[in-house]
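Just below sit the structures, each encoded as C-alpha cells.
Each of the two complexes below includes chain A, the first together with chain B, the second together with chain C.
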Partner chain A sequence: MRKTAWGGYAWLGPMFLFLLAFELWPFLVMFDQSLHFLNYTQPAKNGQFIGFDNYRKAVFDDNFFHSIRITLLFLVVALPLEFLLGLAVAVLLSYHLWLKRFVLPLLLIPMILAPIVVGLTARLNLNPDFGLIGIFLRDIGIATDGLLSSGTSAFFTIAAVDVWQWTPFLTMIFIAAILGMPREPFEAAEVEGANRWHIFRRITLPLLRPIIIVGLLLRLTDAFKTFDQVFIMTGGGPGASTELATIFAYKVNFASWNLGYGSAVVGLLFFISFILTFVLLKLMTRFGRRPLT
Partner chain B sequence: MADVRLDKVAKHYGDVVAVRDVTLDIAHNEFVVLVGPSGCGKSTTLRMIAGLEEVTKGTIRIGARVVNDLPPRERNISMVFQNYALYPHMSVRGNLSFGLKLAKVPREDIEQRVWEAAEILGLERFLDRQPAQLSGGERQRVAMGRAIVRHPDAFLFDEPLSNLDAKLRTQMRTEIKRLHQKLRTTIIYVTHDQLEAMTLADRIVIMREGVIVQTGTPHEIYHDPVNIFVAQFIGTPPMNLFDALSAETPQGLALQIGDGVQLPLPKRYLGKLAAGREVVVGVRADDVVPHGHGMRPEERWTLESKINIAEPLGNETLLFVNFGAYEAVSKMLHPRLVRQGETIACDVDLSRVHLFDRASGQAIRGEA
Partner chain C sequence: MISARGSGWRGRLIHVLEIAFIVAITAASLVPFLWLVMTAFKDRTDILSAIPRLLFTPTFSNFYEAFVVGEFDIYLKNSLMVATGSVMLCLIIGLPAAYAFSRFRVFGEKHLFFYVLSTRMAPGIALVLPLYIFFQSLGLLGTVWGVMIAHTAFNLALVIYLMRNFFEDIPRDLDEAALTEGATEWQVFSRIILPLARPGIVVTVVIAFLFSWNEFLFALMIGGSGASTLPAGFPGLVTPLGTYWGQLAAVSVVVSIPVLIMVWFIQRGLTRGLTFGAVK
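And now, the complex of A and B:
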C-alpha cells in the first residue's frame, strides 16, 4: 500500500515542481515585492520594507479604480452579448444541422487566432485612412476619425472585438451540449403539444443550465485577463477610456517601472478575480447539485 | 378517441425503403400491436403516425383528419417511449402536467387530472420526486401517466417495456392491459417481443422488411401463420420445421422426413398436394407430446423417439427428441422425470400440422 502511494507522488512530482517553479515561486516573489519600495525611477530608496503601504496606495488610487470600472463594464457589455449570440447561433444550428458543416469551421477561425493577431487585424481594418471597415465607416459618415479615436466608440469596439472572437467558443460548447442531449424528451414534448419556443424555454434551456454556467465561468475568468488585443488596438486609450485593469497593471510595472506598487496592484487583481470565480463556482455547485438523469 | 387509418404509407430514407405500402385500419378502441424483428419498419410506422417522421407516400388519417402535414402537437396523440423520455429537470408532477399547461388547461383541472392519473398508476407518493430518484418501472409509469392525463385520441407505445427486467416487464404488461380496459382508447403498440404481442393485442400486425406480413388476432396468427417467417417468429419455443418430400405409399400420400420416417398427410391437406412436392412441415412443441401427457389429439400419429436433451421448467418439460432426420422440441405437460437417451412415444396431432411450400415459404392452405 505504502509503496504504491509513494509511487503516486513520484508521478505527480514533476508537475508539482513545475508549478512550484513557475506559479508559486513568482507569486511569492510578487508578494514580497509588493511589501517593499521598488521603483526603478527612484532607485535610491529601492528595497526598503514598507509593509502594506503599496496596497493602501492602490485602494485610494483613482486611476486603479477607473481601470477596474472599465474592466467590469467590459465584462458587463461583452459577456451577455457573447452568451446571447452564442446561444442563439447554437440553437439555430441545432434546428438546421446541415448548416453545421459550413458554420463550424467559420466559427473556429476567431478562436484559433492569437489575440495579438486579432488586435492587429482589427486596428488595421478600422483605420479610417487605409482600413477596409474604417474607410467604409468614414465614407458613410459614421466614424470619420475611426472608431478607435473617441473614448466611447473605442470602448464599445474593444468589446465588439471580444464578442467577435469569443462568441464562437460559447456556440461550440452549447451546440455540443445540445447535440449530446437525448432526443426523446424533445420528441415527447413535441407530441405533447410544445412548439419550438416552448421546447427551447422549458426543455433546452433548463437542460443547458450547467453548461451555461461552466461556459460563463470560463469566459469570465478569461475576459478578466484580457490584455493583448486591447493593448495592440488602443494601448488603453484614447485617454484611459479602454484602460482595462490588466493594462493599468502593465503600465505601472513596465512603463513607470514601479514594481513594488505594480506588484500590489496585480495582487489585488488576483484577489478580485479569485472572489469572482469563487462566487461563480458557488453558484455553479448550487445549480449543478440537481441530478440530471 | 378515434380510429387510425394508414393507406399505402411508405417511408424512404434516400434509396433505403424503411416502410413500403403499409395499409392498416385500426378501429376505435382497438389495441393493435406491431411486431417484427429489428429493422422491420414497425417503429418508423409508429413515428410516422406520431408525426415524428415525415410520410414519403400515402396518407395517414386519425379520426376524420388526414394528418400527413400536421405537426405532432396538432395530432392529439400521446406517445410512450422506450427510454421513458421524461423531462429530467421536472418533478413527476411537472412531467405529468407539462402537456396540460401547454394546452392552457385551467389549474384545478390539471391538478385533478394529474391526481387521477397518479391514482390509476400508483404514483401518488412520487409526485414531488425527480425522475432520477425513481426506478425504471416507476419512470415507465410516469411516462404512461404523462400520456393518459391528456385524454388523447390514440396512444402510441414504442417498445415501452424493453428497458425493464423480465419480472417487471410481465407486471407492467398486465398493467398496460388493465389500463386499456379502463380507458377504452385506441392503442398502437410496437414491440419486438412476440410474447408481449400475443398477450396484449386485440390484433397483431407482423412486419418484416417494411411490409406487413400478416394481420390477425393472436389466435389466428398462432394457429394459422401465413408463412414460415410468422410460424417461427410467433410462439415459444419456435415451431419445429422439417424439410419433407411428399411421396405415394401403400397407405396413401405421406411426408418423408428422413431416416425412414413418414408422416401421414394430414386429412385437411388431402387433395391439396401431389406426390413429389417439396414442402416444409411445421408442428409446434404443444402438438408433439409424449403419450399420456395431456394431449387428446384429434388426429393421432405416434413416433418412438429418443430423448437427446430435457429442459425441465417445472410445470412442463421441454424434450429435444429425434424426429426423422431432425430434432423436434416436444412439450411434456405434467412432467415426470426422464433420462437422456430414453426412448419415448410422442403423439403428434396431425390436425395441427402446418405445411409450407419450400420455395416460397408460403403456407399451403388446407381445409379448415
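And now, the complex of A and C:
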C-alpha cells in the first residue's frame, strides 16, 4: 500500500462522479417522490407532499404483503431443491471426473441464457398443445390445460424453472471447491478403509461448508431479484398466484402508473435487499474466504 | 479424488447408475433449450403440431420475419451498441478505480464490497425506477445512451470488484521496483499492471457483456420503443392476437448463441466472476 493519499483519489474521480450522478442522485429523487402523491389517475392531487403516507400504505397493503409471501414461498421451495441437486451432481461428478469435461459446459447453458429466454423456453415447452413437456403431461393425464393455467401448479412451475436455471450454478461452484480440497484427508481415510459415504459425511461436507454458505446466500439474494422469467411466463398470474414482490412493484409503477406509492414500495424492497446484503456480507466474511484481504 | 470402489456386480451397477444420473440431469438441462432452437427453424405448421416433430424441413423464415420484415435488426444493433458501450464505460471508469483500491490506501476501501453487493443484490426494479424518473427529466428515455448508462450503473461495481481482485494477484514488488526506477503511476498502470491483468480483464469483460446483453427490465423501461434491445423486444411478439413462437425462438437463438460461445472460452474464470472471487 502506498501512502500517497491524495494521488489515489484522482484515480477514483470518474467513479465518484458516476456514482453521484447516476446512482445516488436518482435514488434521492425517487425517495423524494415517495414522499409525494403522484398518480396519473388523479392529476389534481399530484405533487402534494404527504410525508410517509405511501410507506404506511405499503406496510398495510394486503397485495404487497401477499407478494412478499409469494417471494418467501418461492425461495423456500426452490433453494433446498437446488442445493440438494447441485450437491448431488457435483459429488457424483467428482467420482467420475472424466465426465466433467463434457458435462459441465452443457450443464452451464441454462444459467448463461438470458432470463427472458429461460422464461420463454419454459413457456414453449410447457404449452399443452405443442410443447415437448406439455404434450407429455397432457397425454399422461396431468395438467391437461397446461401447468401455467392454475394457481398452485403455476407457482410450483416458476419454482421448478428456477431450479432448472440455477442448479448448475451450485454444481459449478461445489465441484470447483471439491477439486480444490487438500488431498491428504481423503488419502488417509482411504487407507483406513472408510467407505464413500463416510468420506462424504466426515470430510467432503465439512470442508465444503464455507462454499455451501456462500453459494446459498448468493442464490438467496439472486432469487429475491427474480423478475424476467416470471414476467414472460405468467406475468404474475393466474390471479396473483405467481406475483413476486418484484412483479408487484413493477405493476404498481409501470402498469398502474402509481409512481408516488410505487416509489415507496421500491424503497421498501431496496431496504429488504439492503438487509439481506448486510447479512450476506457478515456471513461471507465469517464463513467464506475473506472477500477483502 | 476418490474413485468408485465397489467391486462385483453391485459396485458396477452403482457405477452405471451414477453415470446415468449425471447424463439424465445434463439431458434435462439441455433438451428444453434444444427444443427452442429447433422451433426457431420450423415453419408454423411444424411448430403447432400436436405430435412433437423431431424431423422437419428447416427454414429460415422466422429469422427473415423477425430481422428483415420486423424490426429486430434495429434491436440487434441497439443490443450491440448498448453492451459494447456499457462495457467500455465500465472499463474506463472501473479500471483506474480498481487500481486505486488495490494499490493505494484510500478511504471507502472497506465499504467497496458492500457497495458491490448492494448494487448486485438490489432487485432490478429498485434500480430502474430511480433512473427512469431521473432520465425522464434529462430526456434520456428511449435513447441508446440511457440504456448504456443504466447498464453501466449496475455493472460498474462488479467490474471494479473483480478487477481489484485480479490486480491483487499481481505482486506489488513489480510496481514498487518500477516506481523506484523513476516510472510514474500512470506508466506502472498502463505498462505493467494492465498487460499482466489481461486474462482477468477478458473474464471481466465477458461477464459484464453477458449481464448487459441479457438484461431485460432496464432495456424495456428506459429503452422503450425508441432504443429496444433484443430481450426488450420479446413482449412485442406476445400479442393479444397470438404469440409469434417462431420469431421468438429465432430471436432467442440470436440472443443466446454468441454469449454461449463467449462464455465457453472463459469457463475457468466464470466461477470466480460469478461468486465475486469467493470461489476460485
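Note that in this section the second predicted complex is superposed on the first by the 273 of 293 C-alpha atoms of A that agree within 3 Å, B and C clash if a C-alpha of one lies under 4 Å from a C-alpha of the other, contacts with A are read in each partner's own complex, and residues count from 1 in each chain.
The definition used in the following text is that a contact is a pair of C-beta atoms (placed from the backbone, for glycine too) under 8 Å apart; a residue touches a chain by one contact, two chains touch by 3 or more.
On a predicted model such as this, the values are computed, not experimentally measured, just so you know.
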Contacts of A:62 with chain B and chain C, given as first, second, both or neither: neither
Comparing the two partners chain B and chain C, which touches a greater set of residues in chain A: C
Touched partner set for A:99, first chain B, second chain C, both or neither: second
Partner chain in contact with A:192 - chain B first, chain C second, else both or neither: first
Partner chain(s) touched by A:277 [first = chain B, second = chain C, both, neither]: second
Partner chain in contact with A:182 - chain B first, chain C second, else both or neither: first
Intersection of chain A interface sets (partners chain B, chain C): 190, 195, 291-293
Complex interface listing, chain A residues touching chain C: 1-5, 7-9, 11-12, 14-15, 18-19, 22-23, 25-27, 29-30, 33, 85, 88-89, 92-97, 99, 103-110, 112-117, 120-122, 124-125, 129-133, 135, 164, 167-169, 172-173, 176-180, 186, 190, 195-196, 199, 211, 214-215, 218, 221-222, 224-225, 227-228, 231-232, 245-246, 249-250, 253-254, 259, 262-263, 266, 269-270, 273-274, 276-278, 280-281, 284, 288-289, 291-293
Chain A-facing residues of chain B, complex: 50-52, 71-73, 75, 77-79, 81-89, 98-99, 102-103, 130-133, 143, 146, 150
Chain B contact footprint on chain A (complex, rising order): 182, 184-185, 187-195, 198, 202-203, 206-207, 290-293
Complex contacts: residues of chain C adjacent to chain A: 1-5, 18-19, 21-23, 25-26, 28-33, 35-36, 39, 47-52, 92-94, 96-97, 99-101, 103-106, 108-110, 112-114, 117-126, 129-131, 133-134, 149-150, 152-153, 156, 160, 168, 185, 210, 213-217, 221, 231, 234-235, 238, 245, 248-249, 252, 255-256, 259-260, 263-264, 267, 270-271, 274-280
